[in-house]
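Shared between the two complexes below is chain A, which has chain B as its partner in the first and chain C in the second.
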Partner chain A sequence: MERYATLPVENGVLGAIRQFLAGLLEKKLVDALLVPLELPTGENVVPTIVSRPEQVQRANPLAPVLPVNAARLVSRVTLVSSSPERLGVVLRSCELRALVELVKLKQASLDKLLLIGIDCFGTYSVNDYEKSVKESASSTEDFLNRAREGKEDPLLRKACQICEYPVPMGADLTIGLLGVDLAKGILLVAGTPEGEKVIEEMGLEEAKAGERQPAVEKLTAERARKREEVLKQVQEEVKGLDKMMATLATCINCHNCKTACPLCYCKECFFDSPVFEFEAEKYLGWAKRKGALRMPNDTLLFHLTRLNHMVVACVGCGLCTEACPNDVPVFDIFRLVGYEVQKVFDYVPGRSLDEELPLTTFREEELPNIGV
Partner chain B sequence: MKEKRIGVFVCHCGLNIAGTVDVEQVVEQIKDYPGVAHAEHYIYMCSDPGQELVRKAIKEKGLDGIIMSNCSPSLHQATFRKLAASEGVNPYFCEIANIREQCSWPHAGDKETATRKAVAIIKAIIEKLRRNISLTPLVVPLTKRVLVIGAGVAGMQAALDIADSGYEVVLVEQSPSIGGHTAQLSETFLTGDVIPGLVSPMMSKIASHPNISLYAYSELEDVSGYVGNFQVSIRRKATSVDESKCNYCGLCLESCPVKTASEFDRELAQRGAIYIPFLEALPQRPVIDRETCRHFGGDKCQACQEACPQNAIDFKQEDTIVEEEVGAIIVATGYELFPCTGIAEYASDPDVIDGLQFERLLSPSGPTSGEVRKPSDGKIPEQVVFLQCVGSRDPEHGVSYCSRVCCMYVAKHALLYKQAVPEGQAYVFYMDIRSDAKGYEEYVKKMVDEERVLYLRGRVSRIFRDGDKLKVWGSDTLTGKSIEIAADLVVLATAMVPNPGAKELARKLNIIVDQYGFITEAHIKLRPVETLTAGIYLAGTAQWPRDLPDTIASASGAASKILSLFSRRELLHEPTVAVVDPEVCRGCGQCVAICAFKAIELDPVKKVAWVNEAICDGCGACAVTCPSGAMQHRNWTARQFFEVIDIATAEYV
Partner chain C sequence: MAEEKEFQPVIVGFFCNWCTATAADLAGTLRMQYPANIRPIRTMCSGSVDPVYVLRALLGGADGVIVGGCTPGDCHYVSGNYKARRRMAILKTMLKTLGIEDDRVWIRWISAAEGAKFARTMREVTESIKKLGPNPLREDWSI
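On to the complex of A and B.
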């Protein structure tokens, strides 16, 4: 059962969130917080581990930008050993979902973590965000107001436009912005006993869910509709080997997509290993055999292999495409294939820690139509 | 990488290969391929002259790797690896290029394609062999003791065969006595042997055998390890009777105020809460059934304790866990019967009984001392209807398979009934008569011709109580008429189904059960007494419905497999298994989850995967799953695969 409380908004929405986060540190409910902080220049926002309450005054988890999927950062912190102290992590839905997948893959630990989710209206690319900050001093509030009015925002990344999970799943606490009258307060949602404890310790005023559920459903439905539209188009664009090859043609094999991907967790990428170091005669032999050899030569294999390894757990954050210097639509392919594969296994990445990874489990009643 | 000097030997296999593949052309195209120091072809490489030719080439050309281009590795890989080893070539530098099953056979009639493909297959294997590392077989210790699970006739036979050969056997039986369902029977069909005369000597031999440790009233708790080296823990359920004090006087049995249905007599008689299941039970010792005992139900009753002159009753006794080490395991968990109540159209009635209940009625030691009497009122039944295929061959209500033994035991039941009640009439409803072993057909025919048992081909639609009779509605499909019989007793030959505990046991043993819960064999035709887990075998009806001779044969088969395993000093294991590069492994554990052999663990400190090579079967699933390439198969590394694929696809890209 979820429980709700109100965060008062005398100092604006962002002010209320900062006050709440500072309170967590002050009341020692957490010893540190991983949260996006505005740069001193104000032009961008980056995830930061904060231990002093005063630093939280620059926190801005509402800024519509995702320079890195913070699940990757939580993995970095907790891979070798779990957190020794209470660490609050403020995450968007795609970050929390990726974190859950990483925990299943033993690449992160939730021990002593307080998972604070935040309703997500989507994000811009880093460059677009920087521009919007330069154009308006109150860009975050402007964005929030526009988004809540339900206006189409062409700057939103494609991944966000078609993301049907605006609300975090499995968070201890969620900062609720959907279906709430923000003039009266933010809705804080406790999804676990841990979260309820925080509401009690902070002495927050209990509240009711109000119009939250219908608002969430409305937004989810809109995004799902958009997803159908976009994926249909993507399918046309990449259908068949020729179109797929053409789509990937400008890949320079830099592996940035792999670095940006929250789920690509290998210590050393297989494609950087000596397995792919070939003698010159091999390259010339291939060229001779085929008449021509496009270079770099193993880009298709790289993307197909990564697809094979990651796609069932792909949360669709879209940072792969963001990271590509040549605008290869990596996300489009992953989202399309991911959506179809996940449907086959009735698997939603990040939905629950109890759901086992489909490829490592065997169910007797699985894939009944294959080979029929 | 030091270049190997590779010899390629292309076999004609008579015309099997040479009829389709141009072997001369193959040699011509291979002889100058990088790494190849020698290439030739011959009519039969596996023949003595063929092998001599390989030996000669190894010596004369100084070869340190050979590729035998012939039939499937399952046929002659061992032959040629042995040959390589005897000539000082590492056996794992001998590879098979299968140009028969994978080339000449499927491409018969297309010599051009087949020749091209044969060349490609050989080139691919050359690229693999160039990257093979030299290996020696792994040596695994072998504990020459056996665990047999289930002490019915299959488990007993297997245990005796092994124990008589001088090896120790740990025999575990879940019920208080050994003997299984066979001990419940009256006599055998065909031979008419009285069951106690058959089973009791077997049971006492088990109980007194110096090589057999019997754990009755016990269950398998847990298993770990692998072939040659299993660690098993056995839960000995509390009997509440101190074995060291009990002198089997039986006074406790009489003292017990509880009356509950006897499992052994299939609920046709009663037993106390403290009981010995049957007269000839072994071990001949009482146990307290805590489910029905009043003392354990919270009552103050201590009647048995008061009656016991030896002070042997111990209400506080607890289950104990015994650890045993064994090298092989036989699963002989037997069968149960599909319930009589499984088909709604057949009335639930005291006089509608199953085959084993009828056996108890026929048995001289049974509740009626061998007289056929109705369970409801003890009267002699004058009209008895036997139904075959109740639940069997009936996927709608029961199972789709044939239970295989019913046709024969129903014939026996009809015969024994006729002998007991000569003026009575026996009817048998059947679908087909399946009497497919020595003397079986003649036996059934005798019932029809000489004993005047009325065999009716058809099914029964309904059985219901009508006064002191049971109405049986059926049809005779041969005459097309519907039939109504007013019967006194109806005996249902219900389907044989697996022991309900088999599924959970299989999970513990890491073996497979089929859709019904029967244990699955390694190969239904060629390896019928082995499971897919090395060192675990199966016997009797745990695998499939069987009659007595088939059960005995399968039990002896399993035992002989183990004796052949034990004929070696230690076990050799193929070294072509999975290996982890701990520097690359990220410890995600997907390989652990995917391994069907439970051969991989995560090192909790280093957080990397670790392969138990003695268990690893070299299937390669982990290597495919590992995204980092940290897990590789020895002599089938990712690079080797890439090289092979590169050649295999050369014409298509």
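On to the complex of A and C.
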């Protein structure tokens, strides 16, 4: 059962969130918070571990930008040993889903974490965000108001435009902005006993869900419709060997997409290993056989293999495309293939910790078309 | 003028040590005929065939790849072939979605006792790949 409370908004929406987060630290409900902070220049936000309540006054988890998938950071903090103190982590849906996948992959621990999700209206690329702040001085709250009115925003990253999970799944607490009258307050949703405890200890006023559910369903349906539309278009752009090659033509094999991916966790990637160090005669041999050999070689092999290894767990955050220096639409390919592959196993990455990763389990009777 | 030579595909086979590779031996000792297009590679288990091996073969110019494992339920390592089946399902779904011929990738369960099935399957896969023609990736220098 979910329980709800209201966060009062006398100091604006962002003010209310800051006050709530500072309260968590002051009341020692958490010892530290992982949350995006505005840089001193104000031009961008960066994820930060905050321990002093006054620092929270720079917190801005609403800023429409995702410089890094914070699941990666939670993994960084909790990989060697789980957190000794209570750590609150403020995450968007794609970050929380990636974190759940990383926990399944034994790359992160949820021990002593308070998972604080936040309704997400989408994000810009880091550069677009910085430009929008510099040029139009448009504030985070302007963005929030525009997004809540349902206006199309061309600056939204494609990944966000077609993300059908605006609401985090499995959070202890969710900062609810969808279907909420923000003039009256933010809706704080407790999804677990941990979350309920916070509502009680903070002495927050209990509330009702109100119009939240219908609003969530409406946005989810809109995004899903957009996804169908976009994936169809992507298929037209990449399907078939020639188009595939054209799509990957500018790939320089820098592996940035792999680095930005929250789920690609191998300490040593197969593609960075000595397996791909060949003798000169190999290169010349390939060149002789084909007449020419594109260098660096094995770009298609890299992308197809990464798809095979990761796509079933892909949460669709789109940071692979953001990381590409040459605008290869890596996300488009992953989302398209991910959608089809995840359907095969009826798997939604990050939906639940209880669902096993498809590649770590099996059913005796399944996939009748594979192998006879 | 010499007759135009029939296309002879190159097919890489990844055969599990305990079943399909043993079936290949059996087919041999039984003097069963099967096409010489197969390039067998023995692996310890079909579950140890990472999709990257299959992709490497295809992108490197093989016309087809066949993975052979124990029949479901009979894996020497209990569940390797079930896992292979899931991997191949992902691989084939991916290839199909991207419009790369997934018909060039086969997976078959052939137990150590099925020498005849081994020979028959090798004939089938060879015929099927012959119909598909040469792998277009073989000549593509830009991949």
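Rule of thumb we're sticking to: the second predicted complex is superposed on the first by the 363 of 372 C-alpha atoms of A that agree within 3 Å, B and C clash if a C-alpha of one lies under 4 Å from a C-alpha of the other, contacts with A are read in each partner's own complex, and residues count from 1 in each chain.
To be clear about the criterion, contacts are C-beta pairs under 8 Å (C-beta built on N, C-alpha and C of every residue); 3 or more make two chains touch, one makes a residue touch a chain.
Keep in mind the model is a prediction, meaning the values are calculated, not measured.
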Would you check which partner chain A:Leu155 touches, where first means chain B only, second means chain C only, and both and neither mean what they say? neither
Looking at the overlay, does A:Val348 come into contact with chain B only (first), chain C only (second), both, or neither? neither
Count the residues of chain A touched by chain B and by chain C, then name the partner with the higher count. C
In the superposed arrangement, does A:Lys106 touch chain B (first), chain C (second), both or neither? first
So in the superposed three-chain picture, is A:Leu182 touching just chain B, just chain C, both, or none of them (first/second/both/neither)? neither
Once the structures are superposed on A, label A:Ala292 by its partner contacts, choosing first (chain B), second (chain C), both or neither. second
Contact-wise, after the overlay, does A:Ala209 reach chain B, chain C, both or neither (first, second, both, neither)? neither
For A:Phe270, using the defined touch cut-off, is the partner it touches chain B, chain C, both, or neither? Pick first, second, both or neither. both
Now for A:Glu356: first (chain B), second (chain C), both, or neither, which partner does it touch? first
Give one of first, second, both or neither to describe whether A:Ile49 is in contact with chain B, with chain C, with both, or with none. neither
Take the contacts of chain A with chain B and those with chain C, and give the residues found in both. 270, 289-290, 309, 359
Chain A contact footprint on chain C (complex, rising order): 51-52, 55-56, 59, 61, 69, 72-73, 79, 81-83, 85-94, 96-100, 107-109, 136-143
Residue numbers of chain A touching chain B in their complex, please. 105-107, 265-270, 273-275, 289-290, 309-310, 356-357, 359-361
Can you name the residues of chain B that touch chain A in the complex? 583-590, 593-594, 602, 607, 625, 627-629, 637-639, 642, 650, 653
Quick check: in the complex, which residue numbers of chain A touch chain C? 235, 238-241, 243-245, 249, 270, 287, 289-294, 297-301, 304-305, 307-309, 311-312, 333, 336-337, 340-341, 344-345, 358-359, 362-364, 366-367, 370-372
